[in-house]
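Multiple structures are listed underneath, in structure tokens.
In the two complexes below, subunit A is the common chain; its partner is subunit B in one and subunit C in the other.
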Partner chain A sequence: MKKYIYIFKSELMTNLQYIFDIIVGFISYCIMIFIFFNLWKYIYSDPSELINGYSMGQMIWYVIVTEILWMSLGGRQLSKKICNDVRSGNIAYNINKPYNYVGYILFSHMGLFLLKFILLTILGVVLGLIFLGSFPNISILSIVLVLISCLFATIINILLITTIALISFYIEDANPFYWLYSKVILILGTIFPIEFFPVFLQPIFKYSPIYVVSYGPAKLFVDFNWNSCIEIFILQGAYLILSILLSNFIYKKGVRKLNVNGG
Partner chain B sequence: MLTEVKNQIKVNILSTKYALEREMLNKVTFVSNIIFMILNNASFIVQWVILYAIKDNIGGYSFKQVLLLWGLAAMGYGVSRFFFKNAFNLSDMINTGKLDNYLVQPKNVLLAAITSDVEVSALGDILYAYIILLIYGLSLKSFLLFTLFGITAGFILASVSVIFSSLAFWFGRVEVISNTLNSIMTNFATYPEGIFKGIIKILFYTILPLGFASYLPVQIMTNFNIYNLLVVIFIVLLFIGLAFLTFYKGLRKYSSTNLMNARV
Partner chain C sequence: MAVITVKDLSKNFKVKVKEKGLKGSIKSIIKPKYNIIKAVKNISFSIEKGEMVAFIGPNGAGKSTSIKMMTGILFPDKGEIDVLGLNPEKDRRKLAYSIGCVFGQKEQLWTHLTPYDNFKFFGAIYDIPEKQVEKKIDEFRELFELDEFINTPVRNLSLGQRIRCEIVASLIHEPKVLFLDEPTIGLDPVVKEKIRTLIKRMNKEYKTTVILTSHDVSDIEKLCKRVIIVNKGQIVLDDTMENLKYHYLNKKIIDAKMKEKVNLEDKDGITILKDKDYNLKLEVDLKKTSISEAINLLNTDNIIDINISNVPLEQIISSIYKDGDK
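Let's turn to the complex of A and B:
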């Protein structure tokens, strides 16, 4: 475990060198929140009106949290890196190292995620207060639980993206699979809460990754209750085990097919 | 003059053709890139179906008009990234000395640089745009206008990128700023203009010219107006001119790097 913590730390320190680039990249986050604020303001003719059980304030805070998770994840970058590692043969350098490649990817990417997550959370709270003028009614303990849930959500997301990107062992470029995965999470979990979808689809979404990587933490933040909290943590635990098994399975199977030419 | 322009266009078409042939070497990747991009774009229809189930008019746009807006945004994005992919990597090319390759060619440096590579998935955006047009309602007039506005939007996006990327000649690393501006343009392009108020609307018709790339073309397609059409064409020519002016002004300040790279 020590070596993985070292990988995490060194990645974190490396990214601190590029803090300016990271901060400038947050302009996109501000723009997205600005767009959604305007969109929901237009749709909610009365801010106290409820649409599918959500007030305008809850909808904006929901998007603020899901976008923090989404943008701090850097999924496209992660998928590109793994696909390139496989395609270029760079992955061969990792095979003979005394660590598991999936573990290396998880901890090194967490180094980037954590930095972005902290900064985006500060920015998200500031934007929420500027646009809405109020903070959701939530206790300190609940905020801590939401943060832990965000951490689990990200670990699961990184492992699922790693699994998808490792398909590159079988087809040359697995990035298109990532695009599809990202859009499913973005549309079905980031922009709208599950309650906005037809009733017959909601149970399906509840057991899909959307629930654990996006909807769950944001729902807890805007409308905390203990039943949902326990349910979300149980599902996140199940998905965590499943994603660890799946990513390691595809890596071990795929690496046997690896054929590196030249040097 | 006319022969020179014709030759230049011929060279750029050949350059795009060869870049495409290079990308087609792996057929599975080529086809999957296009198909997945179409599916990727199509997923956003879900977003608007849900929003229009709540309210039947968003920002003054009907569902069909939003479809058209999406189609034009995809077409503009596709045209700009397929034909002028390197317009979006230009600041990196300037900083790493990769422009050297194009300086020694006897044709236009800017066009040679930005047309030397293609983004295959952008073909998926273009195909998706025409699928949207089919859903919106296909007629000869809508097809011609849609194609024209797709091309003008592509020119605008590429020109804006060239203008901002060319700042690298003076200020060095501007990739983050130019990339952010490009992504801002893409993000705003798919939402109805009417939901925004105040200063942002002025930006849409100045430094973020989405008004001319998307909003005005949607208006023209739903309610044809020759005056607005001429305005769009004039603005496109203006942005192309500005892109060439900024690039060539900056090129005088260009100094290569000692980075060795091979172009294959």
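Let's turn to the complex of A and C:
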């Protein structure tokens, strides 16, 4: 485990050198939250009104949390990196090291995620307080559980994106698959909670990755209750095991098909 | 004791073929065609502990593919590999603890971190206790003269400094076998010489077995006692450097400066390479004639200066490459 902590630490140290570039990238987060704030303010003619069980405040905080998760994930960057590594054969220089490649990807990407997550969380809370003037009624313990749930959500997301990107071993470019995955997560779990979709679709969403990587942690933050909390952690646990098995399986099978350019 | 044994090793690559133009691109989507490239064909050899072996060949000969199979990066289609008693295909991670790799054309270091942080990182991934890593860094600091730049981010280092750090990073876990893939590519002659001295010293001090690939003949000549030449996926020569240099072509070069102009013509075993003014350059094939016969032709009284040398190694190697192409 020590080596994976070092991988995480090294990536974190690398990204700390680019902290100002990362902060500049947060402008789009501010714009996004501003747009959603105005959009929901327009839709909710009366702030005390409930739409699909959400008050305006809950709706804005929901988007703040899902957008923090989405923007700190850097999924496109991750998918692109793995696809390029596989296609160019650069993955070879990671294979000859005494670590698990999927573990390496997970911990190195966490080094980027954590830094962005901390900064975006601070920014998100500040923006939420500016726009709404209040914080959701949530205990410290619940906040800790939400943060743990966010961590699991990201780990699962990274592993699922890694699995998708590793399809590059079999086809020329797996980026379109990532594009599809990202748009599903973005539309069905990030921008709108799943209660906003037709009732017959909701059970499907509930057992899909959308629930564990995006909707779950945000819903817990805006409307914490122990039943949902237990349910989310059980589903996240199941998805975590599944994504670890799946990513390692596809890697182990795929690596045998590796062609390295120039030898 | 053999540290590497390779038996009947083969590897094919499936490469997509696309016909030219837009039509070809569409066709390749509907009905893709593939070519099978036989990168390595039934090669066998073994390498003893502490040996420094040059593993060379022209571009596309299959040397890097062979090395990647020995390190467990690529999987062979056929044949057996034994590296330090392990099968790279099955025990890749276990083997990684005992081997080191330096790819001159590929950065393995974290470019935004300092060499010191990189060495600590490599120490950690090879599960070496922190104190031992510190000790190793101190040792290499002196041997590889790193003091000047050990705390400078790798991205700001010169190529020579970076290669030195790459070698140190690959040695931090004291590998028993070191694979050096073109370690001196792009370096100036002074730095090249320094790197060669360091590799030699490392081999002497730690008894590390070194497998070197390089297109720079001086690297091979100065470092290795044995050479394996690969061409078109096959071993075309596996011999000592001494045999290669002195016996492979059995040719010598005579450079002579004459008092008077001599009119010579090619003779069986003697080829005139240059005849300009009073300077002559002859190639003597010792299988057909002797040096004394060639000198007699020149008339010893007429010679001001003479130099007899071996055919340059570069010429010998390219002649072997060409033979392999026929």
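As a convention for this text, the second predicted complex is superposed on the first by the 262 of 263 C-alpha atoms of A that agree within 3 Å, B and C clash if a C-alpha of one lies under 4 Å from a C-alpha of the other, contacts with A are read in each partner's own complex, and residues count from 1 in each chain.
Basically, contacts are C-beta pairs under 8 Å (C-beta built on N, C-alpha and C of every residue); 3 or more make two chains touch, one makes a residue touch a chain.
Please read all numbers here as calculations on a predicted model, not as lab measurements.
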Checklist entry - Which of the two partners, first being subunit B and second being subunit C, lies in contact with A:184: first, second, both, or neither? => result first
Checklist entry - Given the touch rule stated above, what does A:14 touch, subunit B (first), subunit C (second), both, or neither? => result second
Checklist entry - Which partner, once the models are overlaid, touches more of subunit A's residues, subunit C or subunit B? => result B
Checklist entry - Now for A:38: first (subunit B), second (subunit C), both, or neither, which partner does it touch? => result first
Checklist outcome for this item: Where subunit B and subunit C land on the same part of subunit A: residues none
Next on the checklist: Taking the touch rule as given, give the residues of subunit C at its contact with subunit A in the complex, in rising order.
Outcome noted: 13-15, 39, 60, 62-65, 67-68, 71-75, 92-94, 96-97, 99, 101, 103, 106, 108, 110, 112-113, 117, 120-121, 124-127
Next on the checklist: With touch defined as at the start, can you tell me which subunit A residues reach subunit C in the complex?
Outcome noted: 2-3, 5-7, 10, 13-14, 17, 90, 92-93, 95-100, 255-256, 258-260, 262-263
Item to check | subunit A residues touching subunit B - in the complex, by the definition given at the top | outcome: 20-21, 24-25, 27-28, 31-32, 35, 38-39, 41-43, 51, 171-173, 175-177, 179-180, 183-184, 186-188, 191-192, 196-197
Checklist outcome for this item: As the complex stands, subunit B meets subunit A at residues 26, 28-29, 32-33, 35-37, 39-40, 43-44, 46-47, 50-51, 54-55, 58-59, 121, 176-177, 180, 183-184, 187-188, 191, 194-197
